[in-house]
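Should a chain be cited, it is by its letter among A, B, C and D, assigned in written order, with residues numbered from 1 in that chain.
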């Protein structure tokens, strides 16, 4: 994948996921303390998250691919041949890094280091939102890598900026981040008991994106083009 | 136009328009639920829409051109020779995709899947706003393709970010999106009965942009330059 | 300058300044109507203005240079040899275009087409702010063209985004826009009687930027480098 | 480092730091005057600061490297061989420029030119936040220069946009800016007595980033890659 050593790639994934979660959780705490308007708090949360994604993917992408997300690693495993062992190691350090990010945010804001969230996020509509959010994220990554690989950091940051608002779940779209967010009882939290529904939805959305992308982004043979360009309506 | 098959191009237009409308409608619902300040709601709506436009045009542009908008397809048909049949097919899937986007947003936010909007948007000032908004959009696309084609996704996203605020109509500038927005009685809605005025204005604005662009962006022959560079005042 | 005809260049300057002013004035009216919070209104005004600047400079820069600003045309005249006659024509159409932009914004928002502003903006602190704002703008343009010409649209848009907030005058930095803003009694207005102080300050700031840039951005001869690299402290 | 003379490089560092501080302090004053909502004020402060960083680093980077920050100069001194004398001169003009920026902001907003801040920012959590903020900033600069040097202005601007929100200290991350901010009793201030804790934390964070970057961003020899690519779990 890259020419960096496996240990550096794992540290890169852990560090990136930690800073991503510290931003999601930390900016939520900061915003929530400074305003009574929930939309304004989510707006600050959105800007911080979108901005840090562009940065982290730009600077750690060349080291480890900058997945920071188990379903993204899974998609690459299914698509590009990341070995099962590497994939499992990536996922493990993403989860550990994410939890470290929650702890760091809590330490900076003088809160108990680990907490169980009480924020309810469950039900069919929320799951549909997570399927949609993760479908979009993985599709954007795959199509971005296909057509504009240098722009992928921006595309992911901007996609999440939009998805925080257009999905009813505020677009977790990431099982490692979801687990880390179950350990904070602040703005960005999710009840631990609601994790399975979110994670299943995220995996499903990612698989859907893989399927759609593998058809939609493939150029047919010339003969097919001739046949299909102007079909009868 | 592109080397992707016609069916893929149609799916690309439908998918892109669906996600665009889901963002416009969904972020409007989310913002409206979280704040009582209409400017703040429009700000969130703006950011989400501008961001997703950059993303969708970047990742689907190489497949289908990423029009997501009947008047853009119309402009290309008049300018570049997209056949009438292709243009009609593009417009049809844009409208269907847009409606699917409204349904998706409603499903994620647990609302009735199709609704008739009651938001009044009509009258000469609103129509002037739509003419202006669509003139600007189509002009930006044509001039952007002429001078900085790789920047078009950004230029469209930023133009709409501005146009949400500087036009009195919040810049629909898109008949397919307008139709889809007539089917939601939420923040982004428009009464079905007000659609014709908007659509006529949008088509007029697009044609005006075509005319201005075809004169303004053309370099004269050298002889003309010599004659015109320093005319008497 | 460019290979476009003089008439096209003048139309480009007029059109660009008109859309810039329509955005500044229109987004101010929209924001002011939607919220009671002045900071939020200025934030919306800022985003719209910054975004449209990136767009307009990108798409009209190749035609006319995209000055949209008499002090920018003046700086190029002093620096690059734009003739006096061309400069005067540029300034004239910038002023006319700006006024047209105010009229367009008023028409879209159903207001009297021309108004005299009653917003007081005067005094030494405001003039210092305009000197600072215009110094920064012209310096950014000159240094941007010197080092990263393709990024100038972004640099100008981002500079004005910052300057709306860090200067006490909200950074007019443009005599044509200032004149156009004196004709609207809305959020973005300025009393006609306060125009001379602003315009003199803007010209002064632009000249200061020219002086600083012509020294700071010049590489010395090699001999000087040897002498100056490590001077005694 | 660059081929600009030493005197130009020092003026560039002083000018850049002055405009950076004028933006941080000035936008804080503006925002604080216009709204009672602290989150909204911080949001405006964030946008202005992030935007001006992109601009200043783009236009002054080619002259002096655009450090504007003693710990960044220190990092380059330790890493790339900026001489001790140059480093001290850079730091001196950064501090002087920063103070000039505070004075400029106060003059524009008609406030006493120098003030002692009374805003308390101290304690272990704040220091941890500053370590984190500065670690991130210096790591982003080093990794950005390594992989995407042309994107560094954007990466720094976006990183600070996020860090204003995810660190409990609003991410000063800069001793020269911290000193300048101790001289304003407005939104962006910090008590002079709290400076040492912040500066020590910032130096520590920068050194930590240097250590992590020098290990993480180094590609191992080929033999190591073979050995490490797929280690036993």
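FYI, a residue touches a chain if its C-beta (ideal position, glycine included) is under 8 Å from a C-beta of that chain, and two chains touch if they have at least 3 such contacts.
The structure presented is a predicted model; accordingly, all values stated were derived computationally and were not measured.
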Angle (degrees, nearest 5) of the CA superposition of chain B onto chain C: 90
Chain copies touching (chain A, chain B) - same or different residues, decided at half shared: different
Chain C and chain D, separation of their C-alpha mean positions in angstrom: 28
Between chain B and chain D, centroid-to-centroid distance (C-alpha), Å: 39
Interface hub residues of chain B, defined as touching at least two other chains: 37, 40, 43
Category of the chain touch graph - line, ring, star, complete, other: ring
In contact (per the touch rule at the top): chain pairs: A-B, A-D, B-C, C-D
For the chain B and chain A complex, residues of the former touching the latter: 3-8, 11-12, 15, 19, 22-23, 25-27, 30-31, 34-35, 37, 40-41, 43-45, 47-49, 51-52, 54-55, 58-63, 83, 85-86, 88-89, 104-105, 107-110, 157
Contact set on chain C toward chain D in their complex: 37-40, 42-43, 46, 50, 125, 128-129, 132, 136, 139-140, 143-144, 146-148, 151, 154-155, 158-159, 161-162, 164-169, 212, 215-220, 224-225, 228-231, 233
